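Beneath this line is the structure, given in structure tokens, with notes to follow.
Letters are used for the chains, namely A, B, C and D, taken in the order the chains are written, and counting of residues starts over at 1 for each.
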Amino acid sequence: MKKLLNDPANLVAESLRGVERAHPELRVDHDQRIIYRADAPVTGKVGLLSGGGSGHEPAHAGFIGPGMLDAVCAGEVFTSPVPDQMAEATKKVDGGAGVLHLVWNYTGDVMNFDMAAELAAAETDTAVEAVVINDDVAVEDSLFTAGRRGTGAAVPVEKIVGAAAEQGRSLTELADLARRVNDNSRSMGMALTSCTVPAKGSPTFDLPENEMEIGIGIHGEPGRRRVPIATAREIAEMLVEPLLADRDFTGGDGVLLFVNGMGATPMLELHLMYAEVAALLDKAGVVPVRSLVGPYVTSLDMAGCSVTLARLDDDLLRLWDAPVATLALRWGM
Amino acid sequence: MKKLLNDPANLVAESLRGVERAHPELRVDHDQRIIYRADAPVTGKVGLLSGGGSGHEPAHAGFIGPGMLDAVCAGEVFTSPVPDQMAEATKKVDGGAGVLHLVWNYTGDVMNFDMAAELAAAETDTAVEAVVINDDVAVEDSLFTAGRRGTGAAVPVEKIVGAAAEQGRSLTELADLARRVNDNSRSMGMALTSCTVPAKGSPTFDLPENEMEIGIGIHGEPGRRRVPIATAREIAEMLVEPLLADRDFTGGDGVLLFVNGMGATPMLELHLMYAEVAALLDKAGVVPVRSLVGPYVTSLDMAGCSVTLARLDDDLLRLWDAPVATLALRWGM
Amino acid sequence: MAAVDVDGLERWLRLFASSVAEQQDTLTALDAAIGDADHGANMNRGMTAVVDALAATPADDPAALLKQTGMVLVRSVGGASGPLYGTFFLRMAPATGGASALEPEVFAKALRAGVEGVVSRGKAELGDKTMYDALAPAVDALDAALGAGDPLADALRAASAAADQGRDATIPLVARKGRASYLGDRSADHQDPGATSAALLIAAAAAAVAEQGPP
Amino acid sequence: MAAVDVDGLERWLRLFASSVAEQQDTLTALDAAIGDADHGANMNRGMTAVVDALAATPADDPAALLKQTGMVLVRSVGGASGPLYGTFFLRMAPATGGASALEPEVFAKALRAGVEGVVSRGKAELGDKTMYDALAPAVDALDAALGAGDPLADALRAASAAADQGRDATIPLVARKGRASYLGDRSADHQDPGATSAALLIAAAAAAVAEQGPP
């Protein structure tokens, strides 16, 4: 294993020291591993809280700031944070208008956020709502399973809800909005290589030089199938086809086309993938009106990419375009 | 080789298709491989041109936009672009106040930019000046060699000169300013793994699991020495010590501390490195007043990092803080 | 037949902690195959914290000890296993009825309450390829053996054998809960990591009570 | 002894192009060791473009052909080798004095002008571990052999042998120019990629004139 660290056991804690020092607009509670806006809580604004395992940087801390999240909880690498963290963070961002938990759909995250909400309800009278983000079409959606993973859709959900929260919308409105953006979004990912979890010290799965995984998760979970390595054009088809099969993205509204890097894939390749995906959308009559290209929801040092489509009506488009100032997304301020 | 592409020979061309589609604020001349501001030339403003080989994304195209560069030329992977491109780009960004070439110090880039300036002088009466960026202390500075490489310092040079250009400063003033920022900056890098140049299809150098390279360049050039793998703390020392030995960064002014990822190193590790480097600066009496952490000047899929220090007096600090709207650096607008 | 007192419960937890430490790499390797390669680290972090808490804040009675253990797991583990193992112990606590030593039937009732806690938290059904597939047959076997008049030590040995069987039976299953469910059919032919740690939990209980010996 | 006309120059360029294509991987491997692993791709891209231009826009006289070749290389190669090889041919052109067939002394003079162009562009000195280390001994050997009355074919063979020696002599050197200079002492014990392609250039000239045969 080749990584810039001192001891895998301290990686997250020591990385948070760097986040704190490098970014004075953020605060870090090292005890509870909460990263939050320096100006939290914002009085009268609904507090937006997310988080999850570490190893997906810039998610989650890179999405904190005016126009997006108020705080996130950081777990160990690929391990959901714990209820105490979330309950404490809920207090930190409670500006009197309630707190919305934006939960990426993983069994661990959902259960821990559930327990946090129970704790918060027992300890304070803060109104808490939770919305689960589940956009990954690689996984079949079913009542009898853990359901779809939350992946790339978190970016438009958190950005758009963040903008709406700044406008002063209510907790219920924001929860509805989060569900709407989530419903409007679908993602699908692939890996050329496995990631290496520092505590394990070797790749999670072995992928021969001539094979790749289609339908992977963002925690080094192997994909739905392993296939021979293919060209970017063919890979784009393998990702776009299931997205369009799962939801209609044609019609009046345009889409956000988000080509996400898994961590070790250069921007040179991601832009090439963007062109391939956009060409397929052209053929399908789907119109990308906004773009995002880069490593936003990563899986440590995995090589690969995912594609997220999010349908944006006029309201959502305006909220996407609204000013935001986070480490990962910044414009208009 | 595992990469998202169709044919290595078309990688750069096809990636530029994606850049063009994803970013309407940029224009691409595919024939000449020039990426430029949609509103170029800006009348009355000195045009700022840079560029170099591809494979360093987001450098160079990620630095185009209001408050930074007007255009860049893209070469093949790790190969300087050619004089025709630069001469044509010079015309494209000539708003009547002259054009400044910001040249990263590599033999190929310098010679090609030289020939471009000769071409431009022969064909037009545009005033052209060139400033060479050479900040890499891994390389000894000498009149008898190719001199120091241009690496991370390009980010503060291009950002600060970009801000000054928006203020309407003259070509000569901007060239002086570029030299001043360059003189104020030093960088040093290391690699945990080699990159793989697509046209070659295998790693440029072999690095055993227990070794790393110190003093690498950004084109997969091996470093000055190969040493056993070490902790982040020890690596920070190996990078910071030569920076501080080469130039005094103590005293009244603070510094920009820029921890750059080489492409495949996760933000989790870069933030940890930031903390380690900052701790060493504390001991040395050097005060980081601004920070930049992330993959900005990459070397394809190389794992590793570099550290750049740039001394910022009040004037430079104001220019660093001025609004900028590029793909890679954006704030204030 | 002796009842299980605070010392017995401590012995159980320490034995579980040491087998988790020993098997950490195995648990992680199982999780790498159908999950995210952290189950060993998760369980080890949690049980290390549990053992640390035993020393730091000794509990007076079984209920307090079980509650503390559950809280520590919830606070230190995260992921899916944190809330599940945490809830397991948190739900055991009230089922002890405040006794200072748990008679076999009470211990069995508490274990069943714990397992029901896992179900109410995680909504797993039998055959979903989770820790529940090891826990459910274990508490069934325990009740059956106690009902047949076996002493607790023997009954827990039977429970442990049943847990092992339940764990092994996860191998051919296609996962319907947890991270392994994302793999669809590819989750078959792999042993579930949580069922594996759960079998260690029951084995540790059997060993703890066996050590205690006859009264 | 025949002079070198447009056909002879074309033969030279085509032979050089095919040996570059053949040796592309070797050139890149040499560049990987002390540079950035693109010299083979660079030279092959350039010489492919040169050969394409031969067909697309046939030149009437040596000067035009050499100028066109230089322009194509400058436009298509980039990196260090583009301006250097480009300048080499661009500077050869005027040194032909507009002749439609270059007498041996004129060809030698033109080659020397090309080499001087490389120096004026790249500022290399002998022993800097660059293409100049192969080119300089080649033009010296050529002049010496022609001065001794050897026919051009023989003189170019001697030049080629000298270029090969110069290329081999780069192996122990510590680079002072180009990308290899960044390596400091670690650049020693490696053959310079540019000197290697330059030796192919001179070898191609020798082969092209030898093929031409006696008048």
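Simple rule for what comes next: a residue touches a chain if its C-beta (ideal position, glycine included) is under 8 Å from a C-beta of that chain, and two chains touch if they have at least 3 such contacts.
Bear in mind the structure is a predicted one, so any value in this text is a computation, not a measurement.
Chain centres computed from CA atoms place D at the largest separation from chain A. A straight line joining the Cα centres of chain A and chain B is 29 Å long.
Chain B and chain D, compared by their mean Cα positions, are separated by 32 Å.
In this assembly, the C-alpha centroid of chain B lies 55 Å from the C-alpha centroid of chain C.
In chain D, there is no position where the chain touches two or more neighbouring chains simultaneously. Each of the following residues of chain B touches two or more other chains: 77.
Viewed as a network of touching protein chains, the structure reduces to a simple linear path.
Note for the complex: chain C touches chain A at residues 28, 32-38, 41-42, 45, 74-84, 121-122, 176-179, 181-184, 186. In the complex of the two chains, the chain B residues touching chain A come out as 2-7, 11-12, 14-19, 21-23, 54-55, 57-58, 62, 77, 192-193, 209, 212, 229, 231-233, 235, 257, 259, 263-276, 278, 288, 291, 293, 295, 298, 300-301, 303-305, 325, 330-333.
Residues 53, 75-84, 106-108, 111-112, 114-115, 138-140, 144-146, 149, 197, 199-200, 204-205, 217, 219-222, 224-225 of chain B are the ones that touch chain D when the two sit in their complex.
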